[in-house]
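Following this line, the structures themselves.
Both complexes shown next keep chain A, but they swap its partner, so chain B is in the first and chain C is in the second.
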Partner chain A sequence: MISGLIQRLEKIVGSRFVSGAAEELYLYSMDPGTMPQAYPDAVALPKTVEEVAQIVRLAGELKVPVVPMGAGLVLSGLTRALRGGIILDMKRMNRIIAVNPMSRYAVVEGGASQGMLQAFLKKHHPSLKHSMPDAPPIATMAGNMCIHGSGHLSLLGGSHSDMLTGMEVVLPTGEIIRTGSCSVSPDWFGRSPLPDLSGLFLGWAGTTGIVTKLGIKLFPNYAFNDMLIFVCEDADAMPDVISRLTGVQVAEDMTPWMTPKPDWAKGFLHINIAFGAHSKKELTFKRNLLQASVRHYIDQKTAGFLPLPPTQKGRFLKVPSPDLARFADLRRGGGFEYVGAMMAIEHFPEAYRAGLAIAEKFQVSYSLGARIIGAGHAMMFFFAYAFNRADDDDVRRASLALEATNEAAINMGGIPWKAEMPVQRQIIERMDPETFALMGRIRSVLDPNGIMNPGNWEK
Partner chain B sequence: MEHEEILHRCFRCGYCKLPGNYVDINCPSYLAFRFETYAPGGRMWLLRAWLDGKVAAGPRFADILFSCVACGNCVAHCAFPEFKDRLLLAFTAGKEAFLDEGVAPPMVRDLLTKIQNHGNAYGKPGKQRSGWAEGADIPLFSDQEYAFFADDVTAYDPRGQEIARSVARLLQLAGVNFGVLSGDFRSDGNDVRSLGETALFEDLAAHNIKEMNRLGVQKILTLSPHSLNAMKNDYPGLGGKQQVFHYTQALAFAMKNLKFKTDLPEIRVAFHDPCYLGRHNTDYESARMILRAVPGMKLVEMDRNRKNALCCGGGGGNFFTDLLSGGDDTPARVRVREAVASGALVLAVACPICAVMLEDAVKVENLEKTLRVCELSEIVMERIGF
Partner chain C sequence: MKPIAFDPALCAGCTTIDCLMKCQYLNFCGIDDARTEKLSINEGRDSRVLHECLTCYACQEYCPYDNNPFYLLVERQEEKGLLPAPRPILEEQLRMMAPKGRIEKKAVTAPVVDMCAFPMLTACIRGRLFENASTIVGTDIFCNIMWLHFARNSVIQERVPEAIGKIMAFYMGDAKTNELVCFHDECYGTYTSVAKAYGISVPFKPVHLFDYINRRLDTLSGRINPLNQKIAYQRPCSNRLSPETDRVLDEIFKKIGVERVPRTYDRQKALCCGGVPRAHQRDELADELVEKNISDMQKTGAAYCVFNCPFCMATLGMEVAERGLMPILVSDLVQLALGE
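Right after this comes the complex of A and B.
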């Protein structure tokens, strides 16, 4: 424990919102994934950007690491204090600051949750929505944005970081800066035409600054919504199917999935295709376009669309869906973790077969799937493994399966998303050395004291 | 520890922190303190760690555990259907284990000692339980249809007594046939049970059941939803044979007997669902039926209502132990701010604990000129002309 750290933090955020107690240090030493514990020295809950800046300056003075944390649901251990220090739980900073309905963006604080914005828009701007990730609704928008998350409008708008319009960030030296249009104008409409400094904080695992505000794009919330589920048995056909379905550019979200349970799903490859419209006529038009795009497979009787009763359709359209969290109880043990690898769509068959082989080899319960990003520009292919937290052997098998999956994903040209610290090292080994050197130079300029989430993106 | 087999099954996904519509944080202790430890998932993991010898039972842990007000939001919104119904049971078992270890917070220990020694949370003589009805022309129970049970807050808190007289007067006007129980009754035990003191709860319940049986009580009317919950759901397992109703459930069907003034201006009223009437006993409509039946009463809804209602923070004994106090975001303070945001001028409640908690919060928030907290009967009586 650093002498006087707790007392000095208390002076900044108040004694109610600082803890160095064993209970908090234990719980904040891990996330629900499989990464080993790493204990912080303190947990602090700031309420304002000024408090965040003061804490960062204090950390710089004391040479104490700072680890920003949203909901702590990343599962790959990115919010563990690998070298001790202060975990900044950002969720007290959870205001929805503004919504611009005409230019379709919202400005929120760094700890605001996905669910809160969804509820706010539903009440005050029902014609608008934002892209919700598959994470539970308590997940923060800043956290998801900073890890290049994706969500149920990613076919339309790309990765969530593509939907970012600007940021307010506390730098590791305590200055408060802005990126995007809000650095020049009162409006948060976008990141162009300026030098795009937002990239300094996206994908860096909290090693370059702490996001305290962000602007995000909003999209029309359709009055009529529907879902199609395409089914086939041939993994090799999937890239072509995805290319055809995305080619008509009418869907909002496209998520292939392959699971051994329920029984009726085993052995089949499904693609959920969500789309919406302002009128029934428009909805029918879009449905027809999607169906026509894959007519070739239907005519050959090698694939088709799954008949969906309205209640089941409603369940699939629910955003976010608690069914995804429930996967954690598959082995009655409260755990799951996944490798989500960003990769080119043509690797789908290879990724699918690798997932099946790894699940078989390590005897783990699995769920495989993907989210198509942009108009078929890439995909996040996920390999999810459930484990029983109370069974060390089960946890070990899941860890080994995850390691093997990361290796396989990298070998096929993919890049593990929100990679845990050991996988970051695997990525660095494949990375262009000059690129990694530049990352280091940028970090040393931004963070001369080396206090921001150290241990991440390091050799 | 009972239910320990579910502790590790919690994924800490956080659905339990929120209402079903996600508008804001809805777990009272997490709202007040904001550390993950104070959320239901945090408690699950900490209890597991304690059983595994990874975290010791100490004062901080005890505060975390006993600050759960048993509102049931976590049960209502947990994503895991196979064990969600056991969340509160696990927390209660954890509290019981901590009581056995002798590490409960001092306020909890003192409260339980007082109830053990006196049969109520106020340390008053049991025979004074019906004192609030004296001189108010309210009949004592003899052979009426309903026996009116006064919980500790109703019987001994000055504000509770005021509410009790209002409720009783309104029931009389509506023609509900009831009498006030005046025997040697003790605390209903609901919050004792949720604090994990099972043996004391069973003693209290057994005593009350015996007294009711002696008096020939067949139907009980409670003012407190806490009493309703214990007597309806837990007493039968201990030999209770009475039918149990919250007073709003009897009143809702007797509203047609009341005559209202029609020259009063319209008033916007929001109803605060008490946890033990709503989430725990799924009655969201009786109180609303009453309010809708009153001319000039415009019922507005807060963002968090019915199954999504935010607790006042007074459950689980916290009305007495006050473990959530001290911050800007205590649930009662947040709740009255939410009521103001809904446009309501009156926040109607149907629980004496909610009434006191929310009235205090209105004062702390300096909202006395903006929002009035009224027990349901009080706002109805105003419209009758009292």
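Right after this comes the complex of A and C.
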């Protein structure tokens, strides 16, 4: 423990919002995934951007690592203090600062959660919504943005980082900067036409700065919503099916899923397709377009839409979807992790078969699925494994399965998403060396003291 | 597979071909055209009817000679490998509804009410109407008649005797009653019409829900508060297999003081609720059926839309309610009149 650290942090944020207590450090030493524990020296919960800047300056002075953390739900251990230091828990910076209903964006603080924005919009702007991930609603907007998250409007708007309109960031040296239109204008409408500096903080796992505010695009919240579930028997047909369904550009979210449970679903490939409209007529029109796009398969009788009576649709229209969280507790004991790999759509059959083979080899409970990103531009294919944290053998098999999955995903041209530290190394091995060298130069300019979440994106 | 009870000579001598001429979904250019198609079906040749049929069961009722035209049609579809619904849809349903072996022996006393595979329906069995009733439910005793919509008579033939065996072994075998009240038209249709057509023996006495309610209302007559309401009835496909019970329903309605308003799409001209065509991937037709049904009901000024089929209610109920009619099951309506 660095002497005087706790006291100096207390001076910045107040004694109630700093801890060096063993039981609290224990909780902050891990996340629900399989990565081993790593203990911080202290945890601090700032309330203002100035407090964040002061903490970063203090850390620079003491050469102490700083690990920004939202809800800590990333599952790949990115909020563990790999080299000790301060975990900067952002949850107190949780204001919804502004909503611009005309230009459809919201500005929130760095610790505001997905659930808070959802509830705020429901209450004050019921005609608007943002793209919710299926993570527990306590997950933060900034944490999700920083890992290029995706959610219920990703078919429409791409990755959540594509929906980012600007940021306020505390640099590792303590300066407070802005990216996007808000760096020039009072409005947070977007990132163009300026040099786009937002990328300096997206996908870096908190190694380049701390996001204290961000702007995010909002979308119409439709009065009428529907869900189709397409079922297909042939994995090889899936890229074409996805391409046809996305080609009509009327859905908001498209999430394929393949699970061995319930028994009736085993071996079939399903796609949940969510879409909305301002009127019933428009809704029917959109449904017809979606159905017509895959009529070829229906006529061949190899695929079709599940006949869901209206009363059964509610469960599938829930945002966030409770299904993954339910699967997460399948083995009890609170262990759950998935490899999500961004990849081109044509790799779907390969990814599906790899997932099945790995689950079989390591005897793990699996759930395979994907979220289509953009109008069929890419997908986040996930291989989820549930395990019992209290059962060492279960954890070991899940870890081996995850390792094998990452390897398989990389080999087929995919890139593991929100990669844990060892997988970041695997990615770096495949990365163009000049690209990686540039990443290093950028980091040393932004973070000359090397204090930001060290251990990540390093060889 | 046991052959279906069917006599080609009856069709040969048939002057009306009612089975096809009365069909509300397929059009024929006159009786000769219908006769040609029917002959093709009978002789195992291809017919457009096998491809276009909505599987509404109605021809089963239209045939004046009980010559099982619908069962034969479905049999021919299966023989020819025709699939009204895509394979994965059929396969998933087959697995969902397969007997799960989760059945346990239980003592039952009269009235024993068969709730088919749907545990959520058991909440309907309450109050004086079902006083002292025992219920039986689960996929192991599923009546399996739904496979008529999916060209899978073979599954009916395989699973129905098994279900009957389980009903006897786990419940009715030791019961003091031989009567099994079928909450759903489908079960009653299975244990009467389908069983008869395929020569499946049924050791218990199936009792239609309407017969049970009608009898019960005689006992409870002093408790009836006439509802004095107009109701529109959505007759389900499976009631086509026991058309005589539709008249019993009229008696029930009379006893509880409701008027079954005359609709274009009731009785023999009842229209499909739209549920099955969705499984057949014919959503636009399903939309049309929903619209026709509901606008027809609205025209009558009825306050309630009464269902006896929970699946019809799941398909139409929300839309019906949005359009100002209260969706309700027959048994719940009766309980309303009994002040329960």
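Annotations
Just so we're on the same page, the second predicted complex is superposed on the first by the 458 of 459 C-alpha atoms of A that agree within 3 Å, B and C clash if a C-alpha of one lies under 4 Å from a C-alpha of the other, contacts with A are read in each partner's own complex, and residues count from 1 in each chain.
Following the convention adopted for this analysis, a residue touches a chain if its C-beta (ideal position, glycine included) is under 8 Å from a C-beta of that chain, and two chains touch if they have at least 3 such contacts.
Note that this is a predicted model, so its numbers are computed, not measured.
When both complexes are superposed on chain A, chain B and chain C sit side by side without a clash. Of the two partner chains placed by superposition, only chain C is touched by A:232; chain B is not. After overlaying the two complexes on the shared chain, residue contacts for A:357 are found with neither chain B nor chain C. When the two complexes are overlaid on their common chain A, residue A:445 makes contact with neither chain B nor chain C.
Set against each other, chain B and chain C touch different numbers of residues in chain A, with B touching more. In the overlay built on the shared chain, the residue A:303 is in contact with chain C alone; chain B does not reach it.
Of the two partner chains placed by superposition, only chain B is touched by A:73; chain C is not.
Nearest C-alpha atoms belonging to chain B and chain C sit 19 Å apart in the superposition, given in whole angstrom.
Within the complex formed with chain A, the residues of chain B that make contact are 8-15, 17-18, 21-24, 33-37, 42, 45-46, 49, 54-56, 58, 60-61, 64, 79-83, 303, 326-327.
By the touch criterion stated above, chain A contacts chain B in their complex at residues 16-17, 19, 21-24, 26-28, 32, 43, 45, 71-73, 89, 91-92, 113, 115-116, 118-120, 122-123, 136-139, 322, 325-326, 328-329, 332-336, 388-390.
Contacts from chain C toward chain A in the complex involve residues 83, 85-89, 91-93, 95-96, 275-276, 278-279, 281, 283-284, 287, 311, 314-315, 317-319.
Considering their complex, residues 231-233, 262-265, 268, 284, 287-288, 291, 297-298, 301-307, 309-312 of chain A touch chain C.
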